[in-house]
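Both of the next two complexes hold chain A, though its partner changes from chain B to chain C.
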Partner chain A sequence: MDAAIRQIGFRIRSLIPFLPKPNLRHAVGLVLLCVLGIPIAAGLIFTLLPAFGYLPSIGGHTLSLEPWRELFSYPGFATSLRITVTTGLAATVLALILSFSFCAVVHGRMRDRGADGLLAPLLAAPHAAMAIGLAFLMAPSGWLIRLVSPWLTGYTVPPDIATVQDPWGAALVTGLLIKELPFLLIVILAALNQIPVDQQMRAGRALGYGQGIVWIKIIAPQVYAQIRLPVYVVLAYSLSVVDMALILAPSNPPPLSVVAFKWFMAPDVTRTLPAAAAATLQLFVVAGAIGIWRLGERGVAGLGLWWTTRGGRGVSGEPGLKLAAALGTIILSLGLGSLIALAVWSLAWRWPFPDILPSTWSLDIWSRQAHALVWPLGNTVVLAAVTTGVALLLAIAWLEAGDRTGRRDRAIPWHPVYIPILLPQIAFLFGTQVLTLKLQLDGSFLAVAWAHFLFVFPYVLLALADPWKALDPRYARSAAALGASPTRTLIRIKLPILLQPIAIALAIGFAVSVAQYLPTLFAGGGRVATLTTEAVAMASGGDRRVVGVFAFMQTLLPLAVYLAALVIPRIVFANRQALAGRT
Partner chain B sequence: MTKTQRLTVLSVLTSAVMALISGFGTAHADTWQDIASRARGKTVYWNAWGGDERTNSFIDWVGQQVQAQYGITVRQVKLSDTAEAVSRVAAEKTAGRDEAGSVDLIWINGPNFLSMKDMHLLYGPFTQLLPNYRYVDTIGKLSNVTDFTIPVDGMESPWRLAQVVFNYDSARLKEAPRTIEDFVPWAKAHPGRFTHPDVRDFMGATFLKQALIELAPDKKRLQQPATDADFAKETAPLWTWYEKLKPLLWRRGEQFPADGPAARQLLSDGEIDLSMSFDPAEAAAAVESGLLPDTIRTYTLSGGSIGNTSFVAIPYNSPHKEAAMVVADFLLDPATQAHAQDIRVLGSFTVLDLDKLSTQQRQLFADLPTSPALPTNADLGSVLLEPHPSWMTRITDEWMRRYVR
Partner chain C sequence: MSNALTLRSVTISIGDRRLVSDLDLVVEPGTVATIMGPSGSGKSTLISFIGGHLEPRFHATGKILIGNDDVTELPPERRGIGVLFQDDLLFPHLSVGANLAFGLAGSTAGRESRRARITEALEEADLSGFADRDPATLSGGQRARVALMRTLLAGPRALLLDEPFSKLDSDLRRDFRRFVFGRAIAKRLPILLATHDFTDAKAALGPILRLAPL
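After this line comes the complex of A and B, so read on.
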């Protein structure tokens, strides 16, 4: 294959002398361009055109601004937009502050691997499952109020206050934080490994600064520079989330992404036009927010530089950091509590207010759902396994190609392969659906797998890129010196050394695939049911026990893979401590 | 499907209709057997709202039965809104996918049926081909042939009945409102203890339609499409009434449960004392399955309440129409209907005319268990016809214009 490409390449080279010599990286790049680039480009175009009135199938042959007028005059539009912007920004800023503070307080006391194990359930749980559990935890009739009722509060019936779907979107922000905080924590812990934290801390302390201030002034800026891409991913996601918003966000009116989603799903096909306008606006909101965020970065950097160079001892960063870390701990506890609540509900028969535990327990719901679980469970597993497997092969090919061409570029945020996870899903999935319809692929397993791949691949690459680049190049050189071919070096040296990060990347890819809601719905035409689509469809049905079963399975599956990823390297390399990830 | 195959199906269908017209019972039976044999081995993608666990289990059971009896696999595509399936078929038509559509059967009625019928997205008429259709009550249960004032014309097949009822917790509540006007004084005495589902959901809109039927100056007008002038005139008393009720609702009428089951969850959690439902047996069945306390009672308004029928329809581009018809027919089987009416299963009232059944078949219904939460037919009072769908659309739009900020 390589040789064939080279031959074709030589012919093209004779025509265009400036073309670089084709190599493995070009081949992988070309594959990625087709697999990632085409659906996204088509998706954006087929969303943008209807946003300006062009949709020949329903008689829209000319460009117009009518869809935008319809969007702007829709009742509650201004509120929808405000909720989207405020909840998205608040969730990202808070996730950043809390994660940095949490790391500042616990770093050095907690070993990474321990953190991995503790955070695994929160990382693995799909957004929808988490939202369902949290909605029960926080509701006026939920677990938290039951814990203190009626003995403390006097409530024998739940109070009439909006603690979920509140008009400010606080419940949505909490839900987003539960998912984004663990993600940022893992990313920050990984970034910290690249920085000589202990030395810098000693130097800072010697200069008379408190531990907290050294963290804020010296360490945090270095870490931030490394985690910029994940922060943008969090920002884009928080601004455009749909499945979580359906459950936790206010509904009267809902955030912009939900408005677009509901219109896309409406029976009246003319709604597609304002839906496309809303989806396009969502794209602008995300682009604008990332732009503003970059400006904010500069502002903070300028201020921070002035503050740092000014010196100034005696200020203590500790109280603020500890407060934020405590808040972070509360958020993480809420997350674990939500998951436990789901599990308890799935085992309940009746659980009336204000009982702290179910009044009647039963395995009945599990046994009755067993038959209904089989098909979506099978789909979920096969989809996740196939997309993650392909994504891993391509990611390894891409990184190995980078090694062979001698390019060791950093994972810059603007690299095109990360576009799928920086774009709001609602802004291009409708267009992608049009593409699959035209290719006669819609509703097929392949279409859903493809849609999942768009999101699985960037995360797998993101997880694998840093450990791959951190691999000491002297191993490969020694192997080459001993006469091993590059492929043999890859298989016998690099991959075994990287087993731990590869396993983690697989687990992340698996969890990303399991969690996909919109891509499954749009590409699958509803015919490919997964645990996530079933759980969200049933979340509207009000039987928490059944939702508990599905959401619990939905969490258990990626969690099992995640734990396997942590444990397998330790078994395989039982006699090689460093390779087993026990460094 | 190739052209020849299509022609064969067409000729089979034509001969089936011919046989019916000429009244040859044997030929009819053969034809149905033909359809059933074509259906064998096929998979029916049944698009149905997935928010109700009992309905999902029932559909699962139907799948197991038709698999055993006819070799047909049923896959329920669980929708969070039936409109999703309508837009899917519409999108397929737009894309020119006239044969291998992705939807074989839809649980449908009212506005969704109207829009599919209008856009020519349905296959049919087919109900006259179904052997069990002869048991359907087309005289006493008018909603079986007129869906929201729209003639069904054999384009959808009935399978369950629905009627607006109210459920309350007798442990907390001694008196419940019996007329629409009663709701305001009742809510004053019990502020925050009642709510209706979001008006963008059909259940919420139905609550306002129920109020409209009682409050409109000219009730007959509601059976025709709404016009601007009539809409303003007929709904004026409705909005005056609603202005008084809204601030007394749960969350001061600023937030609403998404749909009927979400409202039932609120009732179960004790957040409200009174909720509405579109299924007279829902509460009894929910008590049976542990979803509601056994102190729940069901009643309906003294002036009668809105009722309608749930149907299944087959999209024009379904690749498995014969199999979909076999499933639709299975749903009308007296044994299936009796199973569905069991409160431990669905509890939904049958669409059949019990007088058309044999003694043995009738006995299946007589043997069903009962429950204190289950209203008798006398309790349910008279069934009021749904207004024309345009009233519902306009009510929803007007409600949003007034109350969504």
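After this line comes the complex of A and C, so read on.
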């Protein structure tokens, strides 16, 4: 026995020279594998098992297909599935078309400068707040109908029609577009910086192509190749969103993700099994949709190449582009309008229909809600600050480790760390909750922070990776040639030069954490209240003015951080031309 | 202080292709040796190898010595080899003075004496009073001179020049070349210049080594 162990020990040791020499990258990779990989793997497994009837805590000891039968026999199942697929695909396709058209029309005129400021509120606002604001705009008693009543519509009381939660899911698609259009715009603008657009535009026009056509045939394919990961993230998100759907989607039957969510949350624990089945089906829907999307990409690429090489100058592509860009502008305006609606409603005291503005204004609601705001606000800020801080440190460690090992992985967008934001949250968060239960962390602040981290880290890394890799490596070499150690080079040279992208990455991470609904609810077991969980809980049927207070606060917080991230580096580097102008 | 820079049977290859084959070279203190060759011939790769920045996809053998010290295995920051690149690479977030201070070796201790060294360096470079300036507001020639002073303040034992003149126009180029050679030779440094320009090589007045194109 002893000898056998020694034998094994000897063998393992003799392998060591052949194993890669451990370095910083391996260390950071290992930490990430534990912190990201374990909860996700456990989450998927502990959701998959109950989907097939195995959940010992409620007496499910054998595998069976019963949960699936229950799911399929749910009366609204087919409608539910259809709404999920149609709204998800429609939102993604529209977001893509509108964002490309918008960029084609305004790029060159707007240049990134103004874009940051304009898009910041839309990017920073949490999904839930945006959905609530949009409901305030679109509801029968909302701002849009008030604007045209009674002089145009004749309404003196709110009409009895479903403008929000409509059976087709149009309100949900609109809500998704409001959040996804700005996201894709900012991603496209970043991608455009990598392409010599001006030269290519001049070359294309010299060959007789109109501006719009050059955009579609030459620029857009190059941009798309760079933004595929964000597009898949948008697709996965649109198909599986829960918080926006609770507010904007039809409720009877709701989309599949909401079906799963409501069953998971039901007091009757036997609902957990069909809920797990619905969640697992959601996973397949997303995986299938991404698969079909990739096939679609090939088809479009083939057609596009045929169209481009045919050499048609296409009299003009402008009208179509301009129409789409106008639609995009409407969506962006709806987004800003939603945010203003939140503010106005939170300050309204009396506001009879169909007045366009409140007849009495007051800060009363704010002061009355102050005590109710304090805890959720504190939780939200601390959660966001902690998860974003840790995520930033790990992202920097990961990127720096990459520099030191000299590995330049071109394939970074497809790295496994992005898996959490490509999976539907509902498909693994219940299982992650099971894991936190087993670790006796359930309902703790740590569990919620960990759950937020799963989503904060990929976004922080996504925001930082490109600027980091774009930094001229010769700065670090110069510093080394001057005798600076790698750590000194990191702290004195790289981090200060990258201050602006680091600040933006922090702001994005902060906003992602503030927006988290499902992870807060599942990992917190309903015991950790944030602005987001409170706002969503109140959204249906609560006093609009109170909901307005929570939702507006929820928006203000990430927006303040975002603006600080834009402004502070410019102040710090006010006397450094090379850095002050950079975005 | 004055030590030769020696390369002993240096071979660099990538995959099956040899960029540098069994190169032996001694650069005496206060002289300039030149490596010439068209772009892609491996000049910059050789400079990277000597400076310690060779990318892992290259494979290199041979030794680099300064005097009798073998620096081949040392990390770049401990080799004591200064490098001047094609661009000046002044750190954009630091003032001109802070760039120089970053370079100035720690052996000059104390605020006053460090500041004095920097003022002196700026005077030498004909840039008195520029300490608080933003590097982005300087002309190309001025920035190049700051870059050289930064390198020299670190107290290197050898100097590598990786086409540092190629982005300057011809008058500026001649002046800056004189400035670099003048300063570095006065410090009795061995200097290795990589260039594709024959006038640079001639002005160096030292041995010329040609790398063949691939």
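Just so it is clear, the second predicted complex is superposed on the first by the 556 of 583 C-alpha atoms of A that agree within 3 Å, B and C clash if a C-alpha of one lies under 4 Å from a C-alpha of the other, contacts with A are read in each partner's own complex, and residues count from 1 in each chain.
Heads up, the rule we're going with is that contacts are C-beta pairs under 8 Å (C-beta built on N, C-alpha and C of every residue); 3 or more make two chains touch, one makes a residue touch a chain.
For clarity, every value in this text was computed on a predicted model and none was experimentally measured.
Student: Determine, for the superposed arrangement built on chain A, whether chain B and chain C clash or fit.
Tutor: When both complexes are placed onto chain A, chain B and chain C end up side by side without any clash.
Student: Touching A:437, do we find chain B (first), chain C (second), both, or neither?
Tutor: first
Student: Does chain B (first) or chain C (second) touch A:576, or do both, or does neither?
Tutor: Touch status of A:576: second partner only.
Student: Using the superposition on chain A described above, determine whether A:426 touches chain B (first), chain C (second), both, or neither.
Tutor: The answer is neither, since A:426 touches no partner chain.
Student: Examine A:391 and indicate which partner it touches, taking first as chain B and second as chain C; both and neither are also allowed.
Tutor: Touch status of A:391: no partner.
Student: If you stack the two complexes on chain A, which partner ends up touching A:216: first (chain B), second (chain C), both, or neither?
Tutor: After superposing on A, A:216 lies clear of both chain B and chain C.
Student: Let me test your reading of the model: by the given contact rule, A:339 touches which partner, first (chain B), second (chain C), both or neither?
Tutor: In the superposed model, A:339 contacts neither chain B nor chain C.
Student: Let me test your reading of the model: by the given contact rule, A:137 touches which partner, first (chain B), second (chain C), both or neither?
Tutor: In the superposition, A:137 touches no partner, neither chain B nor chain C.
Student: Quick one: angle from chain B through chain A to chain C, Cα centres, nearest 10°?
Tutor: 150
Student: With both structures placed on chain A, which of the two partners, chain B or chain C, ends up touching more residues of chain A?
Tutor: B
Student: Now for A:76: first (chain B), second (chain C), both, or neither, which partner does it touch?
Tutor: first
Student: Enter the shortest inter-chain Cα distance between chain B and chain C once the structures share a common frame, rounded to whole Å.
Tutor: So the smallest C-alpha to C-alpha spacing between these two chains is 48 Å.
Student: Which part of chain A faces chain C closely enough to touch in the complex?
Tutor: Within the complex, chain A contacts chain C at residues 405-407, 472, 474-475, 477-486, 492-493, 496-497, 499, 573, 575-579.
Student: If we count contacts the way the header does, which residues on chain B are in touch with chain A in the complex?
Tutor: Checking each residue of chain B against chain A gives 45, 47, 50-53, 56-57, 60, 75, 77-88, 90-92, 94-95, 97, 100, 102, 111-112, 115-116, 172, 192, 198, 250-252, 254-256, 258-259, 261-266, 268-271, 290-291, 293, 400-401, 403-405.
Student: Under the stated contact criterion, what part of chain C meets chain A in this complex?
Tutor: So the residues of chain C in touch with chain A come to 51-53, 55-56, 75-78, 80-83, 85, 87, 89, 91-95, 102-103, 105, 134-137, 150-151, 154, 156.
Student: Quick check on the complex: what are the chain A residues that touch chain B?
Tutor: My answer: residues 57-58, 75-76, 79, 139-141, 157-158, 160, 162, 165, 167, 250-253, 264-269, 349-350, 352-353, 360, 362, 368, 371-372, 375, 433-434, 437-438, 440, 442-443, 525-527, 529, 533-534, 536-538, 540-546.
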